[in-house]
Structures are given as structure tokens and as C-alpha cells.
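Same chain, two partners: subunit A is paired with subunit B first, then with subunit C.
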Partner chain A sequence: MSSPVSTDVAQRVRTLPAHARSPLGRFLAAATTPGGAVFVLAFALLVATVIANPNFGDPGVLIRFLGRTAPIAIAAIGQYYVIVAGEFDLSMGAVIAAQVVIAGNYIGDDTGRNVTGLLLMLALGAGIGLLNGVLTTLLRVPSFIVTLAMMLALLGLVRYLSGGAADAPPNDDFRQIGRGVVEDVPIVEVIPYPLIVLVVLAAAAVWLMRRPFGRTLLAVGDNPAAARTSGARVWWVTTRAFVLSSLAATVSGILLVGYAGVHPTVGEGYEFAAITAVVLGGVVLGGGRGWVLSAVAGAFALELLFTLLTVLEVASTWRDTVQGLIIIVAVAFAARAWTVGRRPSTTAAPPDSPGRTSGPSSTTEPTEGPTTGGI
Partner chain B sequence: MSTRTGGRLHGLTSTGIVGLVLLGAVILGTVLTAIEGRNFFSTGNLRDILTAMSILGFIAIGQTLVVLGGSLDLSVPFVASLTGVVSGGIMAGDTGNVLPGVLAGLGVAAAVGLVNGFVVSVLKVHGFIASLGTGLMISGYLATNYQGNHGSAPSSFRMIGISFIGPLPVSTLIMLGCAAGAVLLLRRTRLGHHLYAVGGDAEVARLSGIRTTIPLLAAHVLCSVLAGCAGLLLLARLSVGNPNVGSQGQYDLMSIAAVVLGGTLLAGGKGNVTGTIAGVAIFAVMDNVMAVMQVDPFLRNVVRGVVIVAAVAVYARREIDRRPARFERPGVLDSALEEAR
Partner chain C sequence: MRRTPLKGLLAGAAVLAVLTACSTEDPDTDAADDTTASEEEGGGSEEWFVQADYDEQMAQMDATFSGPEDQPWLQYIDGPTTDTAEFKTNKPMKVCFANASISNPWRQTGWITMNQQLEVLQKNGVISDMETRDAGDDDNQQIADIDYFISEGNCDAFVISPNSTAAMTPAVERACETGKPVVVFDRGVQTDCPTTFIHPIGGYAWGIATANFLVDNLEEGDKVVALRILPGVDVLETRWAAAEKIFDEAGIEAVDHFTEANPETIKSIITDELTKGEVAGVWMDAGDGAVAAIEAFEDAGMDYPVMTGEDEMSFLRKWEETGLTGLAPVYSNFQWRTPLLALEMIAKGEPVPTEWVLPQTPIAEDERAAYLEANDGMPDGHYAKFGGEDLPGYPQVWQERQMP
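On to the complex of A and B.
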């Protein structure tokens, strides 16, 4: 009985789609999936920007750009967890606003409060995420509504407490997290702290998505009923995704304090920007599909697009229009590519499944079939 | 006895619950308004509430259609603004230009809806992204071409916003007329039934022989046209076309909140327009009471947020748990059949 299994495996290796054979072929195939195409898009935009403005190609300028983009990329990582679980987090911008205002009011000039302030902000972020998650999973209110209400409530509270006016920024030590740099680095001159934070968080995200938590999260996003039946604690996995999302927004807020002032409108529109970045990265709304680094690349692609528009001296008011056009085109392309990408696996399925009667596999069946059954 | 009352509670439709929530809001509002020494049911106050309902009402009716079809429309505030500036520009304060202005505005709105519907149903882009994208595109166009107010509405057109029939504002009556039309569309026409089917499960609908693109396309066009109506009403109220009026009102998110508050499933396929109107009324009553109590405008959003989640939580649980009626309450006929066996 064991021999058919081994030939089965051998056969599956043999009948792998053609693009899966060589490393180069695999790379090219990966670049045509939505998750891979965003890297190509980001690279193309980078090249275009450098051609339009050769200064931008300078490593020092480039690395500062990467540092500037870190907050939105971190927000995209947070949003990724939630979207891949099939939910939305619209409260992100409000969380950023709340954290920025807390940094301004609680920490202020007092350097002694830096650490407690940081811990307080992270605890508050986790608490908001927990509340979002529990309301979504246990009370079964759609996450769109929960996080929308959270956004309204938080923004209202923040504006009520701050009077809607700008506050003095916190002390410079605290702001160093967002604006500080590692000096005297060869080639790139400096490495901004936000970029380091981003790299650490992105690496952690990749690691986390390979852990049981990440696998379960994808399964829950793909099919919650199936995940529940296979024994996953769906509510807890989803709740943790919300906690991670709010924590990411908190980190974004901490970084943004570094170079934006303290104002309740900081973080405005971050939720939609993060969702746009994630979707641009080929992550499917509805959950279960997508790579976290593609979401990060989506954030960079978006910011590069804005930079390019600025360099080309397009009126800043057209930014929205171009952004809208790009996301529709990108997602329409992705919707095609996911279906096209899935097709080979069904039509070129291992011929040892005689049930299939689709065109291509029926031609291979007579030759391959007896081999499988005979041995 | 207990099972019977339990059954009765269970038999309550989500629209019934929304009605109860609305009743609760009205009672609470009456009490709170009375504490402030005012009469909730005074003609002036009722007029205020009904007038406040009209704009969000138009948009929420359209949003209900789109949500029932399993999509979303986030472009409504920008469509409302766009209609306002386009119509205002054409009217330019001249009564003779009212009809062309209205037609042009609604035509532009319908075109946007057509694009939304095409992107959603033919290109298979999620409604959230498609309408976010078109909304951004319109917002960029508005910001580039219209700085500040544009055009003006003639006084004959402004009458729509300020005239009353008895105690009822004309604008609200038109809105309720549209709601009645939407109810008829959903209950009595093939298009309406197909919309429910597509929203419930597009693939099953397709396998059942429904052209899935047409209902969704129609829902998006109707939604944009209704958002255009809201834009025209805003034009009548403000007497100028303001390119930011829609986004300032947060009509995109508030209309979706009203739809969900009205018992429509965000995933589509279940819900109705009556509930949505009740949801809009809940918002209007809430805002009115808070205005009477002079609650801080920022705190009002906090209250709104809490009420939305609390109200939706009341029935979100059972809405999903519930199985089709035939499995839970054996009717007389069923028991007779049982005995016959």
C-alpha cells in the first residue's frame, strides 16, 4: 500500500506547474502574482522618480524617504493582520490621534515620564484593540461598525479633551524616537530610527505569520467555519489581530510625534491609507490571502507615487484622483491574477484523480493513469 | 409559557427590534427634553428632527440597496458635493435653469454610479475599494477645479429645502417617497428579488440563472442618484454648491452605520429599507436630544459611537444564529402532518 503513495508523491513532483521548476522561473511567476507585482510596481515608481529627479537616487535622500514612510508602513502591517482575518480596522487614525495627544499632554516636557508614557500608550493601544476584537467576535457586531464607532468615539473624546487645538510637542528626548538617526553610517550617511523600528516589526511580522498564530489567522480569514471546526479558537485569534493592529497604530503615533506636531488631526486618513497600502500589496479584502511584506511594499509604492507626483509638479489636489485610479486598477488586476494564478492548480491537477473531466487533464489520464494504478 | 414568550421574542424581526430601539430613543428623548423644560413633541422640534432626517435618509436608502447587493459605496459624500457644484453652476441663480441643472447633476451622479457598478460587478473589485477609488478621484477633481463655493440656487429651488406641507417638510416627504419606491423595488420587482439573491450569494445566484451584474449595477446607479438628490437638497439649503459639504458630513460612514443600525446585514442579502429609515430616525432623535441638552459637539460623537455598537450588538448575535423559520416553529399544518403519519 505504501508504494502508490510514494509514486503519488513522485508524480506530484513531476506534474508541478512548469513555472515552479527553476528559481528564475519561480521568481518570475511570483512577480506576476499580486503580492509580487507590488514590488515590481514599487521598483518601477522608484526608477521613475529617480529619472525625474536624480537627487532622489542619492542613498542619503533615499534612506530618509524610507524613514519618513515607516509610520504608514507600520500601520499597513497592523492593518494586514486584521484584513487577512477578514475584518476591517477603521479606528487606526483615531488611535494615532489619541496617542499623539497623550504624548503631548501626559509626557510633555517631563523626560522622567518618557518610559511610563510609552508603556501607558502601548497599554491603551492594546486595550483599544482588545475592545475592538471582543466586540467584533463575541458580540458579533461587524468589525466595520465596531471600528467605525471606535473611531467616532475616540476622535470625539480626543477633540473634547484637547479642545481641538494643537498642543506643545513632548520633550525632545521622546521625539528622538521618531526623528532620531544613527549617525556616521557608510554609504547611506544615516539610518533613521523609524526605519529600524519598521525593519524589526516587519521581521517580527514575517516570523509571526509562520507561527501557528499566523497560520490560524490565515485559515480564519479564509473560512471561519472550517477553522472553527478544525479546533481553532476563532474569537481569540481574531481578537489578537485587532490588538496587533491597534499596537501598530500606537507605534505609528509614537513615531509621528517625532516630526508632526501634537494635534488631533494627526493620523487623519491613516486607516484608509493603510487599507489602500494593504490592498495594493495584493492582500484580498475578505481575508485568507496575502503576504505581510507585500503590504509593506504597498505602503512604499503609495508613498513613492505621491513623491513622483510631487517631483513631476502635478498639482497636489490631483493626488487623490491618481491614488483612486491606481487602487482601482491595481485591485482589478489582482482580482484577475488571483483567479488566473489558481487555475493551473486545478486544470493541471495530478492525473491520479480520475473524477476530473476537464479538458487538459483528460488527455493525460490514459497515459499516466495505469502507471499509478499498476504499481 | 416561558417558551412561548421566548418564541415570540425570537419571532421578532430585526426591523421590529429597530422599531423598538427607535421607540426607546423617542421615550428617552421625551424624558430628557422634558428635564430641560422643553416639549419633545412640539411642532418645531418634530420639524427639526424630520428635516435633519432628509439628507442622511436619501443617502442611506441608496446605501441600503448597495449593501443588500453585497457591496459598499464610500463615494456618496463626494457624489453629493459634485452634484451640488455641477447643478449650482448650471442654475447660476436663474429659475429657468433649474430643470437642466437638476438633470445635469443627477446625470453626473448616475454616471459615477455606473462606473462604480461596472468596476464592482464586471471587474470584480471589492465595493469598498472601488467606491473608495472613485470617491478619491472625484475628491481630487473637486479640489482642483472648485476652490470655495460655486454657483447659486435660485429662490424657487431653495423653496424645496424650506417649505412645509402641514408640519411635514417637503424634503423629508420626497425622501420618504423615495423610500417607498425603494421598498416597492425590493418587494415587488424582479430586479429587487435578484438583488437580494446576488447579495446573499453571488455564485448561487449565478448558478440559478440570474445575470449577477445587472442588479448590482442598478443598485450602484440608484445609490449614486440618491446621493445626488441629497446633494441637490444640500444645494437648496445652502443656496450655493459647496465642494466640501459631503465629506464634512461624513455621509459615507454614517449612512453605512444607519443601514446596519436598521438591521441590514453588512455582508448583504438580508435587510430592508424600512429598518434603514428607522436607523436614520434614531440618529436624528439622538442628535436632536443632544442639541437640546447642549452636549459638547465632540462628545456627541462619543455618544453616537456607543449607541451604534450597543444597538447593533442587540440583534447582531441572534441575526446570525437564527435559522430559517420553518426549522424552529412547527406550524399547525406541520403538526397535523406529523399526526397523519
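On to the complex of A and C.
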């Protein structure tokens, strides 16, 4: 795009600060917000991984990596709904484990049970989410406790069903959902089914967040009292976020049982991976702010980090520690970036706005913040 | 005051001694590091490597076993025995079993076999009842279980399958102090007070058999990915310690990863390793998840590796289906029968081996078909050398695989 056109556009829409710069300027401004920075982080990790191992840059390898990361990205989308509403869902990993074990036990070798099994799993997922939501909103038990208890209850169920050991996987037809690929695709060779599922769910999530539900969800997360006063049914909006989260975990479980097989440890740590991905994506814990696709990018950044550590042959005994440290740094950076973006004028007021009333009332300030660079 | 210089001298000498000790160790460590430049453990497994145990198990692999030919669970290597005349009884015994867990397919299979053996001994009037407490992989829980048995269990004999070696030692000693027979099996404890300690040859033997197989089928400089379940369990650490040593000496490049037997983790690790470069071999410290490892090669469209799994049916079946070059090492599952049979001997006042070493022979490719046929219809988590073919309920009980 040539620059005269963009300045022209910028002048016409001056009232909208998000459009007040050239495309490059807007891109840079977006990249300095946490929600944008995660894309830069993911890209940097990708480049680092490719430098460390050039084979990783092969399109066929890359697309398989994206397919393998789909379950965690889908879990991150689910967790996003809950976190943006100001809650937590710690039961995700246990939901995945339960669904995986149920798929192994109920469906097993019987291809005739594939469809009923799938419906059963989705119904169970929705039921768990509904319970989480209702307990949190109507009984006012903190979601941290509700979902922690749900996690324990489900892990107990998993232990009862599996005895804590591996089981035979469901039939290969069912496993195709998570293991299958579209063959003979130009350039990338294959497209894994899980990646297609992820793209569909991500698109649906973007659409949903632009619908009244999504807008209300953000409002509830930002200020539940205000949302209630303005007529939102807060309990029902939040409960639906929990249902979406459990459903996302269920879809992850369906993909994982196909990809990996049945073991009670499948899904272990997914709740924390999903929360980390969401936070890396710049979504604010406590709710009200964040973009769903940034959470997806956070999931990819996280998985790229794990892959990079494998490629660099970091000692297996140290790997968890290294992961933890990097995540702390990244999240701390993200939190700081929000501070920069949010309150540019509290310590260093721009000289060109002497008549402006102080305080957070100005809606044009936040997006100008990053360029001033003040803290 | 006058002693201060002496103290200083002593301290200096001590420091020197420590330094010397360190420096004498340094060449070893350096040498090891040189040969394993890309090795990632960096000495972690050296703590687990005991040369004497390695040599002993190496010798035991070729040892002659006494006992009935067709009942490997009653075979043993000749050695010291424990006199059990004092325990002789005609009354059926109440057995108290402190189990570490049944949280992996190997333990589940053994647990089923043990219960079928129990049925036989109950019918024969040797055992009246067996009370079992499952510690769920938790040391503290198992200590509490053993103490409960001691104080309130009204037990005539103890069977203990320790969750971990060091932590369980005092509790086992307390059980010994009751003066009743104590049978320990599988993982060991650091005391020789039990009446008998039953186990297959051990982790080094596993490591030696598997690593030698890979070395024989690979070239120097080839890469082996080692999939390990978790750190810190002696029977698993010694498997890797032995294998790592052999890989080092043969110039095989081995990289190890912890997987918790999670098939997703295993697939990701193999996929990443395949992206990095050719993987010629896969070594596992337990067969759980072997299928996921093989599938990762399939998904990436790569040739199958040379691989060692375990005698778990899932691996044996996948091994046959794919035709890969493989070996199924065995950590003899039939050992779960032996503790109760040992109690039968103890009740008769017969001497039992103080350390009862059971045979441990891998399944090679030419024996695979026979084991697959013998275990036809068994679930994937079943172990080929479970040794329960002559017990009541065979084969339905193992096929249905309901935990007792």
C-alpha cells in the first residue's frame, strides 16, 4: 500500500485513534500491546526454533506441528472465555482425562458407538461446565474452588475407571478425528484434521466475541456490578463461559485420544498450560480485557518454547525449571506492557495536552500510550 | 587458645582431603562428559550406577536357576536361605498386603494373578484371608498402611510391595519386629530383616539386555531416543544407568526424556526428535506407551526404528504388525504369585531363599508368535509372561481385567 492513501485514510478517521496512524504505525502500536506482542513472541520463537533446527522450517513439518498444538490452542480458547469473565477453570485437564478414558471404555472397538459416544462426551462436557458455572454464579463459591473440586472429582472418576493405568485406545475410525490428515495438499503435503477443527473453532470464537454475548462477557469480566445494572444476566453469561470452556476441553480430549491414545495422564497440566497461554496472550487475569486469537497465539508460543527446549537438548531434569522461568519472564513482561499502555500520562503527561482533564476518562489516550514510552 | 592453630590445621587438612577427593573424581567425570558430549543427563544417572550390582546382575543373567522347570515363579538362584521352622503352622494365616499401587498395567496384571493365586491357597487352607491396602503411589500412605497392619491388622504374615526404597525401610523394620513372617517383593528396602525378598534379576539386567540389543542392531554414531517414565524409582533408574553406560561405550548417541508414560508426550518427543534428524533406535524403560512411540514414526512417514519395549500385549501386537526390529525385555510379572507361595512354604516350615531372585528373560522375535498365540484375546495392557495359565479363572479373569 502506498503512503499517501494511508495518510488520507488516517485524516478522515481522526476521531478513531486506532486508525490514526499509517498501517505500519498501527502494526507497531498493536505489537507493543500484550495481545499483539504474543504474536511477535511466537514468531521469534519460531525463528529461533528454525535457526536451531532448519528442518523445522519445512512446511510439512510446520503444519504437523500446528496440528499437534491444536488441542492446547483449543483448550486456550475455552479458558479464554472463563478468564475474560473474571473466573478460572482448573478442571480442564481433568475433563480431558475423563473424556479420554470414557472414549476408551465406552467406544472401544465398537465403531457403531462412535456417534453416540461423541454426543455423550459433548453432553457430559456441557454438563460439567453447567455445574461449574451454576456453582460459581448462583451459589457464589469462588470458581477457583469449584473447578479445583471438579478437577479432583473427575480425577477420582478417571482413577476408578482406569485404575490409573493405560487402556486400549478406541477404534481407528474414531481416532481419525485426532490423527487423520487431508492428504496430497500442495506445499504443506498434509493438513491435519485437528488444525481444521482449530481454525473453525477460532473463527467461531472471533465471531462469538463480536456478538452481544461476547460484548456482555467482556463487560461482566470488567465490572460485574455495572454489567448487572445495565441489564445483563450476569450468572447466565458467566455460566455459558464455563460451558464453552468444558466443551473446548471435551473437543481437546476427542482430538487427543485420537492423536495419542488412552492414558489417565493425557490432559495432565492442560489447565495450567491453557491459563499460561491465555496470560501470555495478554488476556488480563481478573477479566474484561483481551483478544481470543492472542490466547491462541499464546498456546503456539508456549508449544514452540517446549519444542525449542527439546531441539536445544536442555537436560530433561532441568526442562520444567527452564520452562517455568521463561513463562514468568514473559508474563511479567506482558503485565508491564499493559501498564505502559494503560497509564501513559500519570507520570509523564504529553506536552501537547495541557488542557486535558487528568484521570482515566480520556478514551483516546490508551492507544497513544505505547509511543510515548513513559511508565 | 593454644589449640586454635591445631584446629586450623585440622580444618585445612579436611579441606585438602575434600579437594583431593574431588580432584580424584574429576578425571572420571570429565572422561564421561567427553564421550557423551551431547548427552543430557550430565552425571545424573551416575548416582544410580553401582558397578558391583551391575556386575552381579550381569552374572545372574547367565546363572542356573533351581526349582521346577515349568514354574518360573518358583525358580531361584541358589544362595542363603532363611530358616522358617518357627513360623510353622497348620492354621490358615491372615495375610496383610501393603501394596504400593495398581496404577500401571504391569501392576494391574500382577494384582489379578495374585488374587487368583490367593483363591487356590484359600481353598487349600493355607490362607484364611488377605487384607490389602493400596497406597496409591504414596510413601506416607504406605507407611500408615503398614503401621495400621502392625497395630490393628491382626495379621499372621505381612506381604509388602514397597512404593520406594529408602522411605519404606523403617516401616518394614517395624513389621519385622512383630516376629511374624515378612515377605517383600518387587522394589527393595534397605534392610535384610524380611523373611524373604522376592524380585526378578533387576534393572541392570534389563538395561544390559536392551542396550546390547540396540548396539548389536545399530551402527556407531546412530541416535537412540530413550523414553523414561519418571526419575527417582530405583528399578527404573538402574535400567537406564546400565543402558546409558553401554550406549556410551558403544558410541551410540542417546538422548533421554521423561514421559510419565503419557502417550501424547511420547509422540511429541519422538516427533521433535525426528524433525531434528534421523532416529535409529528407541529405548524404553517400560513398555507403557510403546505404541505411541511407533505411531509417531508412522505419522511422520519415517522408517521404523530398532526398538525395545516390554512384554505388554500392545507392544507385542504392534511389533508383529509393523515388523520392526525389536526386543521385548521382561520384568517378570509372574513374581506376583511368588509371595503367597513363599508364605505357603513358610507355613510348612520349609526354608525360603533370603533373597529370592527370579528368572528374567526377554522375549525375542522368534518367540513372539508363541506368546501372542498363548495370550490371544488378552487385553492390550496384559503382560505375556504373567504366569497364571494354571490358575483358576484362566483365561476369562485376565481377559475381563476387572480389578479385584
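Assume the second predicted complex is superposed on the first by the 323 of 375 C-alpha atoms of A that agree within 3 Å, B and C clash if a C-alpha of one lies under 4 Å from a C-alpha of the other, contacts with A are read in each partner's own complex, and residues count from 1 in each chain.
In this text, a contact is a pair of C-beta atoms (placed from the backbone, for glycine too) under 8 Å apart; a residue touches a chain by one contact, two chains touch by 3 or more.
Bear in mind the structure is a predicted one, so any value in this text is a computation, not a measurement.
K.L.:
Counting only touches as set out at the top, which of subunit B and subunit C does A:Val47 meet: first, second, both, neither?
P.N.:
Neither subunit B nor subunit C is touched by A:Val47.
K.L.:
Please work out whether A:Ala149 is in contact with subunit B alone, subunit C alone, both, or neither, and reply first, second, both or neither.
P.N.:
first
K.L.:
Compare subunit B and subunit C by how many residues of subunit A each one touches, and report the one with more.
P.N.:
B
K.L.:
Look at A:Arg68 in the shared chain and tell me whether it touches subunit B only, subunit C only, both, or neither; answer first, second, both or neither.
P.N.:
Only subunit C; A:Arg68 stays clear of subunit B.
K.L.:
Does subunit B (first) or subunit C (second) touch A:Thr317, or do both, or does neither?
P.N.:
both
K.L.:
Who does A:Ala166 touch here: subunit B (first), subunit C (second), both, or neither?
P.N.:
It touches subunit C, and subunit B stays clear.
K.L.:
Which of the two partners, first being subunit B and second being subunit C, lies in contact with A:Leu135: first, second, both, or neither?
P.N.:
So A:Leu135 only meets subunit B here.
K.L.:
Using the touch definition from the top, say if A:His263 reaches subunit B (first), subunit C (second), both or neither.
P.N.:
Touch status of A:His263: second partner only.
K.L.:
Considering only the contact definition stated at the top, list the common interface residues of subunit A for subunit B and subunit C.
P.N.:
On subunit A, the overlap between the subunit B and subunit C contacts is residues 159, 164, 315, 317.
K.L.:
For subunit A, which residues count as touching subunit B in their complex?
P.N.:
Contacts found on subunit A: 88, 90, 135, 139-142, 144-146, 148-157, 159-160, 164, 272, 275-276, 279, 285-286, 315, 317-325, 327-328, 331-332, 335-336.
K.L.:
Touching residues of subunit C toward subunit A in the complex: what are they?
P.N.:
Counting only subunit C, the residues touching subunit A are 38, 40-42, 44, 101-105, 107-108, 136-137, 228, 231, 255-258, 260-269, 271-273, 275-277, 288-289, 291-292, 295, 299-300, 314, 379-381, 403.
K.L.:
Per the contact definition, I'd like the list of subunit B residues that touch subunit A in the complex.
P.N.:
119, 123-126, 128-130, 132-137, 139-141, 143-144, 253, 256-257, 260, 266-267, 296, 298-302, 304-306, 308-309, 312-313, 316-317, 320
K.L.:
Across the complex, what residues on subunit A touch subunit C?
P.N.:
It comes out as residues 53, 55-56, 61, 64-65, 68, 159, 163-168, 179, 256, 259-263, 265-266, 268, 306-307, 310-311, 313-317.
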